[in-house]
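Written below as structure tokens is the structure these notes are about.
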Amino acid sequence: MDFDTPLAEAWIRAIAAAVEKEHSRLTELDTAIGDGDHGSNLRRGFAAALTALDGLQPAGPGAVLTKTGTTLISKVGGASGPLYGKAFRAIGTALPEPAGPAAVAEALSAGLDAVRLLGKADLGDKTIVDAWTPAVAAFRAAAATGAGLPAAAAAAADAAERGARDTVPLQARKGRASYLGERSIGYQDPGATSTALVFRTLADVTA
Amino acid sequence: MDFDTPLAEAWIRAIAAAVEKEHSRLTELDTAIGDGDHGSNLRRGFAAALTALDGLQPAGPGAVLTKTGTTLISKVGGASGPLYGKAFRAIGTALPEPAGPAAVAEALSAGLDAVRLLGKADLGDKTIVDAWTPAVAAFRAAAATGAGLPAAAAAAADAAERGARDTVPLQARKGRASYLGERSIGYQDPGATSTALVFRTLADVTA
Amino acid sequence: MKKLINTPESVLEDALAGIAAAHPELTVDVPNRVITRAARPAGPKVALISGGGSGHEPLHGGFVGPGMLDAACPGEVFTSPVPDQMLAAAKAVESGAGVVFIVKNYTGDVMNFELAAELAAEEGLEVRTVLVNDDVAVEDSTWTAGRRGTGATVLVEKTAGALAERGAPLDEVAALGERVNAASRSFAIALTAATAPAAGKPGFDLPEDEIEVGVGIHGEPGRRREKLRPARELAAEVVETVLADHHLTPGDEVIALLNGLGATPLLELYVVYGEVAARLAERGIAVARSLVGNYVTSLDMAGFSLTLTKADPELLELWDAPVDTPALKR
Amino acid sequence: MKKLINTPESVLEDALAGIAAAHPELTVDVPNRVITRAARPAGPKVALISGGGSGHEPLHGGFVGPGMLDAACPGEVFTSPVPDQMLAAAKAVESGAGVVFIVKNYTGDVMNFELAAELAAEEGLEVRTVLVNDDVAVEDSTWTAGRRGTGATVLVEKTAGALAERGAPLDEVAALGERVNAASRSFAIALTAATAPAAGKPGFDLPEDEIEVGVGIHGEPGRRREKLRPARELAAEVVETVLADHHLTPGDEVIALLNGLGATPLLELYVVYGEVAARLAERGIAVARSLVGNYVTSLDMAGFSLTLTKADPELLELWDAPVDTPALKR
């Protein structure tokens, strides 16, 4: 199984559906240590991404993701808009066609690089990086051992969810939550949580 | 027993003490159908009246009450300031020295006239007039049948309290409570209640 | 009660100290509780004096300055000022052309300004009184103390102030004030009650999903209680209520004041004003000028009032005239 | 949640419609979410553009006009605007002298303005960015996203706006903005939490007798919780906190902004300002200019922030320069 255009579109639609279902949970997490808009931000962004897809005759899977990234940048705002926007644009740009597990691993890691370049967050700063980093690592490791897309994506999803959960004891050093200092400890980071959704949906659509 | 200067002073001090004790009840009544300041208004006014008395060598009981009225006018504000102020000024001006029950009845009735002249309220409008009117009538009736000050004042106090209680079912037609229309029904009028205090203290100091 | 105060008794005095510190262009006589312009007008001019209970800021002190009031007399919170204040103010700002008292129609305000006018007359001052009673929530009948004075006060003080600044005589300034009041109607809706410092608790309890319709600015409940609805519907109800009592016909011009009651964010006021403007447009009423913000407040009450004043070229010219006060500048 | 809105999703659009109706002196591009001056400045002039999440009104749209901003880009409530808005604004107001972005230091704002600057550069526009980070509640360390931009934004926009109006070149205007930011410190205390429409509930729960100290303007909790105390003590604490981080010596002059967070009555703000002025006087700090009111708000949050900017003759001259915007006129 390759990462082709239908799969790319299915992924974005699955993310949009997941965000629609989980937005209030994301907003609640952001209310605790942020400003209570992460859910509505992503909801607005992925709704717009769907509309953008409807009008699109994509040249390939990369074009789907690049378009999604561009849409997120121009519709979301906040911290998550540019971060997820740049990430999807980087993934789309790096993605060859057709793309097997190894190529997808490289593309996902290009997405992580874009997030870190823009956000300058390190692992452990209690941001989406804390979910994205283990996810990419797990995906790459699986691909390296010859796993197919489904297995690699499932491993990445598990790793992302673990990474999100592991943000609970951390003190935020980036983003709004960092303003709370020690009071940011004990809450799960909203962005890391939405990143886990992104990887879980990838596992779902490849399964 | 005549209404002399010491009695006049004792009355004002007794009113001040009663208002100090009851101000939060008066304010609560005013919160229900007014703007929640009747208690603090009278408290401020009678505290100032006491200070004014301390500095005073009164020419007679009338001077004590006139001075009190003037002080209320310049310290209270709101509706009750001018009303009680004019009333005490009128009582003081009308009071001969020495004054027996009949003369005091006339003076109190002059006070009621002053209230009605300034406030233009009729009996039943749910104002201080509803306590003041029966009080004056009871005082005059008692004096006419030869009662002394204590008996006349006690009758007036009972009548004032009845009059205040009887404002509960009334719809206010004057003052702030009138803005509530029918919603003013079912509450006791704060001003009528403070008027009852004024007459009860007179009974106490003459008893 | 959660308030930024020292003690309920000292609120007025403490606020006056702050006003004095914040506004060198004003002179604040704290003991007498009178706010005047630091710079006296050159030559004789009709002196405009207003006042009322505190808790409605920026009214009235925030409107003292060239082009508007000469003096303001703040009473205790929700309690009209005492005659001595108005007398002191009149003596301070009278410059030989007479004095106009601008009085919101509340029993206490009317009585205290009336006594002040008597005292001022005894001192040989010429005084006219303009009564403001624009709140259509109260029907003006023998069953009430008459309509309350609310938002129209700002329009009366601004336009009469502009006319006085031009050197118009006493009776003309008073007549203009009365004309503007007569051309104005207001109505208010509250989402929450106000808490007077002395009372220490809200004037009424309002469930999370209910509003008070037809409230005044002294924390008293309104005429009735309703369910909270979208801004569009509330704006439509308020516009209809005001227009029902107004003598306006399509094509008429108005000055619209969308006023916040104290605790309502400007963002929400703009949402409401957008709906108000749309409703008025549908009715063919042209908004010639508008003012959106907190001008006649009721302490920490959340909600809004709408005031519509029928405009004409003279009123618009006076409305547009220069004004330099803490709360209104042009 | 009790708000004067239609739906949480439409708040920004509905408010923009109201701003457009209320302010003919502004041009509101609702689809692009850009607010500009209706009257373009004559001849080339450095264009000042600011923006940020909504819910801080009158910031930023209320500061668009002669002597201050050329354009404002309002984002969703508490959400920074998107790059497209700043690009559209820059194209609309650029007049050949370059563009200055005034950006409050929040991760989202910084990123979106950064992307906008890249896009603008690609279109051949000269852009400088002034970052505002005045909130001493956040220590500026690798442990945080850096200090938040709050009250100082008003001073930066006013003074840089005045300098731009005089025809100063791009780098000078940007440098002045940075200088004013560097000379400013702020600190805030909240009595109640803010409720974002999309969240539907308060950002934090605060008991009736407690306050949040060191809060920002996005509804997030502060650095710590304390008991509510008299205004005198709260003012003293805020003054001390600001001065502790400020390089001021007795005899220095400051511009003081006592800012309401949205739901605080002006009466209370004046009480607090009286105490602030007294504490500053004790410390020998002279308040050369002051501003008291709601300028950088946080929806319906009750509380206040104090901003002190070290003044000098140039800053005072720019502060006093004419300005004609909805929220600030001179």
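First chain written, first letter: the chains are A, B, C and D, and each begins at residue 1.
Following the convention adopted for this analysis, a contact is a pair of C-beta atoms (placed from the backbone, for glycine too) under 8 Å apart; a residue touches a chain by one contact, two chains touch by 3 or more.
Note that this is a predicted model, so its numbers are computed, not measured.
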Quiz item: By label order, what chains touch subunit A and subunit B together?
Solution: none
Practice problem: State, to the nearest whole Å, the distance from the C-alpha centre of subunit B to the C-alpha centre of subunit C. | Solution: 32
Quiz item: What is the distance in Å between the mean C-alpha positions of subunit A and subunit C?
Solution: 54
Exercise. For subunit D, jot down the residues that touch at least 2 other chains.
Key: 77
Practice problem: Would you give the residues of subunit B that are in contact with at least 2 other chains, written as numbers and ranges? | Solution: none
Self-check item: Inter-chain touch pairs (all)
Solution: A-D, B-C, C-D
Exercise. Flag every residue of subunit D that touches subunit A in the complex, lowest number first.
Key: 8-9, 53, 75-84, 106-108, 111-112, 114-115, 137-138, 142-145, 148, 196, 198-199, 201, 203, 216, 218-221, 223
Exercise. Please name which positions on subunit A make contact with subunit D in the complex.
Key: 27-28, 31, 33-37, 39-41, 44, 73-83, 118-119, 171, 173-176, 178-181, 183
Quiz item: Any idea which subunit D residues touch subunit C in the complex?
Solution: 2-7, 11, 14-22, 54-55, 57-58, 62, 77, 191-192, 208-209, 228, 230-232, 234, 258, 262-275, 277-278, 287, 290, 292, 294, 297, 299-300, 302-304, 329-330
